[in-house]
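Next come two complexes, and both contain chain A; in the first it sits with chain B, in the second with chain C.
Now for the complex of A and B:
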């Protein structure tokens, strides 16, 4: 049992237990914190994979940005906490997840599986080997070569540029979607949508009246909107 | 069947792959079985991390001198962060409008 094996088993236990807590707890804030624990475990795993840059990137991006965003989201939606964690399809979801886990372990695990003359499992991969038959060490310059690859026109320059455009779009989109809207604006939008629905219903009624009796099933009426709740909620925000 | 074939420092590749599969399936249950949209987002983040572990494990064991594996992992970092930002913006906007982020009740495309 080498030291790296022990470290891997410890980190794996931390990651899996924290993830199980995240998906099964009722307290969302604790779930966010255990998500942070899981991310730290994954960062340690990246160090074990000789990818130290990605360990630091994991801490900066996932723990430093995404987890903080999630905690903000949990705080801003305070009214939704303390509810039953499982929804009506949770049992089916667990069954599906278990089946998929079984299939993945069968294909990726140490078993020798042959399906339609294709081999799966640890034996089928072509592992890198150097002159002595061992796995090669990761070069010290692996980040420099990643940097060169991201700006090299023959490698990943195009996805790199597209990623920066996408980030710009995400910033603009997130600001626009989550903008504070005045009560009058929200109510005007609702009136427009209700008017459109009434038009649609009227045209469907006209089509039904004009159509021959072929047994067209009735279109159920659209439910009314909770105007009062929204006005109260949006008015509360608009006052600040 | 040698369980420790092609091990680096004693850790064979399939340990990383099985761990990534477990994390992916836990995240999948989080997405499918939770009643709060932010909890679903946490499940999605777990799935993305599982994929990243998978990628970096394959990069390390199969082609450690190629930049493709590391570039792919870097792009997944970027896309996960962007998607979390937009998702949370949407959730906050929906909460302001509907006072609820239970995905089972949000089944109409209206404000």
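Now for the complex of A and C:
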């Protein structure tokens, strides 16, 4: 067992265990942090594959930007601390994950699969080996060739430009979503959201009441709640 | 003189040979031990310089403020860092009651570790570097962004609303100022043709027919904006509103005391020194210099840059959070992008190597002329941008004063009538 294999096993263990923790824990913040650990493990895998640039890009993009966004989203979710995640999709999720795992193993593993007289399987190994049957070495100038490939019109210039257009769209969308709104607009939004929630609660109560007894009408939510919330919201918005 | 120049390499070879002879049965274990020893030496260097820097900072800031600074602990107060260390060790190690213990305790550790990891790619002499990554600059910036997670951990793990708010604001500042930092490192990368720190330094020395001019003379705007972004990245004064007592009661590290707070403190100073080293490597030529050994040159340059940091701390008032974001997104980023476009065009048009002329065409000038052209373009951009910003600030101030004067007239009229 060479040192490289040992390191790979260690990294793979870290990644898989962290990912398992992410999907099975109740504490959302810790799940986000273990996702960060998983990303670090993947960066380590890139280093093992002699692709230092991608390892650093992984750290910069996934851990330095995406993870921060995820953590912000987790922290700003209302009622996060007392939340009990009701996961009604656990079984379905496990089945889908198993199917995807099976498909990946068939395609990337050393199996030959023939479906309808077409050959599948062994993809990764076929791509990786060259004429003499050895994996090609990573050139030292792979960063340079990556850069050239991104702007070469015969290679990947079009997806590159399209990606920049997409980023522009996303920025415009973010500016629109985060625009400054007048107080009346904010109040109207809040009223709509609270009305929706009241309807939801009323329908849940109706379903429970309908299931448990026959003709007892549902009790709507306390009418005093929306006004106080809006007053508090307006006051809070006013005092900045 | 050669002995002094290669002193670090000779010591390194000596120790490496000893360990290889001890572990002659397995060279890989010997290699691993040598690398571990190098890492320990780097971390010790960072920690010792942290001690010296706290002392120097307090003395220099005190002199700027017309007082003496620490002079009680030992002669000239030289044992003050030791006294600080003893104080940190003996303070009570509190943990908030409902805090998430793992998250709360790991946050300072992660910040300190990330701050120290930056030193792995710094070249102290031509052959003395932790590891000569061919993505060195990129690595430093990625590590800087990795420590942001630890700040969020600190803010969340404290189970304190104000710590959380402070963590949000700190993260918004740090993430915001990464953008001008990256945009201003790009011209340096373009002119050096490589992300490796040693290649960047070599381009600023007289090796391989290079001109030997520091990158500061090529891109002064980049140097200025990188310096200011670096100060903001490490949340030093004047950007330290996130840990100021009167603003948010020490921000995200309000619930930490004792050794954990010492680790935050160490992380801040080690980060600031790393930014100073990066500025020296990128813009001042790193370890290049005529007579003295290279590591002495690097330490001298870093000391000068850090003195500039301390000078700014002692002189400028604290900047407000909206002013800081204003300055970043409305001034630094547009100016950096425009400067990047201008220097891209000028770098391609004016070359100083005939091989590049054949390959891509352009105008052949001497190295000195090229530097002069880029310097003039960069300095012009900086002055024009500062002029526009000054005029905009003056317009805003005049508008504000007009509004205030009108309100005063109305009040007087209402009081009189």
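The working rule: the second predicted complex is superposed on the first by the 161 of 240 C-alpha atoms of A that agree within 3 Å, B and C clash if a C-alpha of one lies under 4 Å from a C-alpha of the other, contacts with A are read in each partner's own complex, and residues count from 1 in each chain.
Simple rule for what comes next: a residue touches a chain if its C-beta (ideal position, glycine included) is under 8 Å from a C-beta of that chain, and two chains touch if they have at least 3 such contacts.
Since the structure is predicted, the reported quantities are computational estimates derived from the model, not experimental observations.
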Room on chain A for both chain B and chain C (clash or fit): fit
Touched partner set for A:33, first chain B, second chain C, both or neither: second
A:59 touches, of chain B and chain C: first, second, both or neither? second
Partner chain(s) touched by A:75 [first = chain B, second = chain C, both, neither]: second
Chain A residues touched - chain C or chain B, whichever exceeds: B
Touched partner set for A:178, first chain B, second chain C, both or neither: first
After superposition on chain A, the shortest CA separation from chain B to chain C (Å): 14
Interface residues of chain A shared between complexes with chain B and chain C: 53, 57, 65, 72, 143
Touching residues (chain side chain B, partner chain A) in the complex: 1, 3, 5-6, 8-19, 21-36, 38-39, 41-43, 45-46, 49, 52-53, 56-57, 59-65, 67-68, 70-71, 73-75, 77-82, 84-86, 88-93, 95-104, 110-111
Complex interface listing, chain A residues touching chain C: 3, 27, 29-30, 33, 36, 52-53, 56-57, 59-60, 63-65, 67-68, 71-72, 75, 140, 143
Interfacial residue positions of chain C with respect to chain A in the complex: 28, 100, 102-103, 133-135, 138-139, 141-143, 145-146, 148-149, 152-153, 156, 164, 168, 171, 175, 178, 195
Chain A - residues contacting chain B, complex: 1-2, 4-5, 8, 12, 15-16, 19-20, 22-23, 28, 31-32, 35, 38-39, 42, 45-46, 48-51, 53-54, 57-58, 61-62, 65-66, 69-70, 72-74, 76-77, 79-80, 83-94, 96-98, 100-101, 104-105, 108-112, 121-123, 125-128, 135-139, 142-143, 145-146, 148-150, 155-156, 159, 163, 166-167, 170-171, 173-175, 177-178, 181, 186, 189-190, 193, 225-226, 229-230, 233-234, 237
